[in-house]
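You will see two complexes here that share chain A, one where it goes with chain B and one where it goes with chain C.
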Partner chain A sequence: MNLDVIISYIPLYIEAFFLTVKIGWLGIFLALAIGLAVAFVIHFKIPFLSGISIVYIELFRNTPLLVQLFFIYFGLPKVGFTISAETCGYVGLGLLGGSYMAEAFRSGFESVPKSQTESALALGLSRKQLFWSVILPQAISQSVPGILANVIFLLKETSVFSAISLMDLMFTAKDLIGLYYDTKEALFLLVVFYIVMLLPVSIIGSFIEKKARFRTLGV
Partner chain B sequence: MGFEVLLKGNNMVRLLAGLAVSLRISLVSVAISIVLGVILGILMALKNPIITVISRVYLEIVRIMPQMVLLFLVYFGTTKAMGINLEAETAAVIVFSFWGTAEMADLVRGALLNIPAIQYESSISLGLNKLQTYRYVIVPQIIRRMIPLSINLITRMIKTTSLVMMIGIVEVLKVGQQIIEANRKASPGAAFGVFLIIFLLYFIACWPISMLSRYLEKRWEN
Partner chain C sequence: MKKNYLKRILASALTLALGVVTLTGCGSASAKESPAEQTSSEASAQEQSDSKVYRTLDEIKESGEINIGVFSDKNPFGYVDENGEYQGYDVYFANKLGEDLGVKINFVSTEAASRVEYLETGKVDIVLANFTVTEERAEKVDFALPYMNVALGVVSPKDKVIKDLSEIKADDQVIVISGTTAETYLEKNYPDIKLQKFDTYATAKTSFENGTGVAWANDNTEVIAYAIENPGYEVGIPSLGSQDTIAPAVSKGNSTLLDWINSEIESLGKENFFHADYEATLIDTYGKDYEETLVVEGGKVADSSATEASSEASTATSSEAATDASSAE
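Up next is the complex of A and B:
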């Protein structure tokens, strides 16, 4: 491997890194919002909306992100919805992630025993208090492992953005290989930057997971 | 809307043939993953310190490296570093098996370690020997836990194989693009119809398998 080549590539990778991280986390926050809303709608069996939500979850959980992005980015403009590649990136990631997050939140909601609701109502809590102070905190601490697994999964999925010509890490690597044939150096930096992006999340994730587990055990 | 493109000539057949390529790659990879994953999972459950360290590193690599990066490493990297010229499809099978084996091994290890000690103790007190304990008590429980999860792995594998178009394998997405390109003049709106159909094709391929896995998981819960 040629060190000079690596050094000369680093600025390009840093730029791509920030773009990937930005779109990845925007997508993840969108996914969390969609997931929580959808799980809420399904768990409390809100008419009509819960039907749509179930169809949404099944559709997006059973198709690849790449196909979803192609449809949103290349397909939808033909019927009048044009969005930029960047928007398409986090909207696509958010929609895919939303369906996974919804499942995580839903199993969290389901794990809260009925007696909790009944006791809260017997104590005279309002519906709003019941949801925000009793059900939600317990549901979330139960869904933490699922959510963290999804966060890592979604950050990894960002690697397909290059297919809709976003200048992300993957795109940069491919571009440099095509231009200069320094395959080893380009691939090496690709791996390094993905480790920088994901290893901290993975480590912090397992730490949070342990904390959350303690809380559910009441320690 | 662009659906008419698919009725021209044998376009729909080509699209389905493209899907068959993805399905073939995923099924071969799943088969390899299950075999290797079960072996590695059992090894990991033995708690040998050396195996534990190696498998931890392996699992962590798979956990944080996107499959696409692995695909590039194997497909472009091996040629450069070792001078081996891998076929794209071989590279894909290697990468997906590498990934699937890790997933499978983790599941097997989890299932093995989750069998309560009381199951072994009860079997001994009932007078079963070691072989009988495994044959009648432990293995059936593990299989019940493993089958839904392995089926689930198939759908995840099918979804992930959509990435192989990025290393030049002509599968359903690539065929879709070719059809759109070829009909650019005649039906400029083809992208909508073609990509929607591909989206639905993937859904039709994965959804029944997901449902089956969920059904089995519910049925065998206890």
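Up next is the complex of A and C:
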């Protein structure tokens, strides 16, 4: 392992790290928004929209991210929509993630016992109050483990971005190997940077999970 | 539930500790490498190269199969046709090598950036994927005699032809393929030009058609073929950088296979094999005009500007090649 090579590569990896993190988190926030909306629509059986939502979930959960990115990045321009690689990256990630997040939120909604709804209505809460103050907090705290697993999964999925020319960590490593053939150094840094990106997420995630669990127990 | 949680914290703490140990361990070892350690690591590197990754000529013959790395998406040099068969200039040559060795060929599809890796790890015996000979690459793999000439070229849409790299504006992107000589050349000599990098030919071409880049830089053979097949495009810069050659490559140190390929290329020169190859695979794309520019026969690069006599004297890569060539004439 050549230390000089590693040092000279670090700035490139830092650049790739920030790009990966930026696109990753934009995608994740989009996924959370889509997921929550879709889960809401399905759980409360909103006519018409719930049908579309189910099709959406099945479509995006059962196709690889790479296929979705190819479709968005190379397919859409053929029918007149050209979007930049970066936008394509987080939109693709958001759409894929949305379908997984929707399932996580949905299981959360389903875990709230019916008696909660009945009690709330019996106490005279409005539908709005019922949703925001009774169902949503409990549903979210139940879905936290699933959401966190999805967050880590989505951050790792960024490694296929090389296909649409985004210089993420994976592509930077591949590219440097192709340019200078210092395989060991490039791969070493790749692992280091992925750990630096994901380990804090895991740790903070465990902490949030603990908080969420107390909340379910009502402590 | 509480216990479960403690376990989780413990697990993540352990993971963290392990990670830190691994990282600092590696870092400090390479940072403080003393001369003594260096020699020992050199010694172990020596040992590693003794336990070779490649297969010798005899081992290949014995196994009855040879693994050849080719492109699967670089028409007309190496591609898969509509019947699922590998075709192209490189593949035509590969088939001849397999035939003369008397072994079955396993074609392995490679990406530009992974060609060196495939040889270094012994995943293929030969790379015949339009592999341009460069100094950096020659440090990692062994090149045989060349069989084709190449330079870089830049193709751009007809309505906005780029005839000089200085015409490229600061916001414009130039498409390149990761791991190609075009990428290396532009990174080195034009660091200000923004490159949009793709890992396969197929994605680069599609993206170029979609208009994400103002130009596409690659081997000139490739961009010329592209402009011929796609009427809306023109090769504004037909030759960029140095004139290079394309040659088969084998794993570093695999001398038995290398020697065999070299003698094969020399003897094939006598039957004008590569001209036949050109006429079988490239003529539909390039026509007759490029034949003498592109083809290198018998491993002997002819200097196009010099006379026949002087080129014969100056370019023989080995004395053997020279005698072969002159006896052929």
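One rule holds for everything that comes next: the second predicted complex is superposed on the first by the 218 of 219 C-alpha atoms of A that agree within 3 Å, B and C clash if a C-alpha of one lies under 4 Å from a C-alpha of the other, contacts with A are read in each partner's own complex, and residues count from 1 in each chain.
We take it that a contact is a pair of C-beta atoms (placed from the backbone, for glycine too) under 8 Å apart; a residue touches a chain by one contact, two chains touch by 3 or more.
What you are looking at is a predicted structure, and each value in this text was computed from that prediction instead of being measured.
**Student:** Just chain B (first), just chain C (second), both, or neither: which does A:Ser202 touch?
**Tutor:** both
**Student:** May I ask you to decide whether A:Ile152 touches chain B, chain C, both, or neither, giving the answer as first, second, both or neither?
**Tutor:** After superposing on A, A:Ile152 lies in contact with chain B but is clear of chain C.
**Student:** First (chain B), second (chain C), both or neither: which does A:Thr63 touch?
**Tutor:** first
**Student:** For A:Thr183, is the partner it touches chain B (first), chain C (second), both, or none of the two (neither)?
**Tutor:** In the superposed model, A:Thr183 contacts both chain B and chain C.
**Student:** Looking at A:Lys78 after the superposition, I want to know if it touches chain B, chain C, both of them or none. Which is it: first, second, both, neither?
**Tutor:** both
**Student:** A:Tyr194 contacts which: chain B (first), chain C (second), both, neither?
**Tutor:** After superposing on A, A:Tyr194 lies in contact with chain B but is clear of chain C.
**Student:** With the two structures laid over each other on chain A, which partner does A:Val21 touch: chain B (first), chain C (second), both, or neither?
**Tutor:** Neither partner.
**Student:** Go through the superposed model and pick first if A:Met167 touches only chain B, second if only chain C, both, or neither.
**Tutor:** It touches chain C, and chain B stays clear.
**Student:** After lining up the shared chain so the two structures overlap, which partner does A:Val5 touch, if you call chain B first and chain C second: first, second, both or neither?
**Tutor:** In the superposition, A:Val5 touches no partner, neither chain B nor chain C.
**Student:** Check chain A for residues that touch chain B in one structure and chain C in the other, and list them.
**Tutor:** 74, 77-78, 162-163, 174, 177, 183, 195, 199, 202
**Student:** Which residues of chain A touch chain C once you look at their complex with the stated criterion?
**Tutor:** 1-3, 6, 73-74, 77-78, 82, 85, 162-165, 167, 171, 174-175, 177-181, 183, 188, 192, 195, 199, 202-203, 206, 209-210, 213
**Student:** Mind pulling up the chain B residues that touch chain A in the complex?
**Tutor:** Against chain A, the touching part of chain B is residues 1-2, 60, 63-69, 72-73, 76-77, 79-81, 155, 159-160, 162-163, 165-166, 173, 176, 180, 188-196, 198-199, 202-203, 206-207, 210.
**Student:** Which stretch or stretches of chain C touch chain A in the complex?
**Tutor:** Of all residues in chain C, those touching chain A are 1, 5, 8-9, 12, 15-16, 19, 23, 26, 30-31, 33, 112-114, 116-117, 120, 136-137, 139-140, 178-180, 183-184, 187, 196-200, 203, 206-207, 210-212.
**Student:** Which bits of chain A are touching chain B when the two form their complex?
**Tutor:** Listed in rising order, the residues of chain A that touch chain B are 58-59, 61-64, 66-68, 70-71, 74-79, 152, 156-160, 162-163, 170, 173-174, 177, 183-184, 187, 190-191, 194-195, 198-199, 202.
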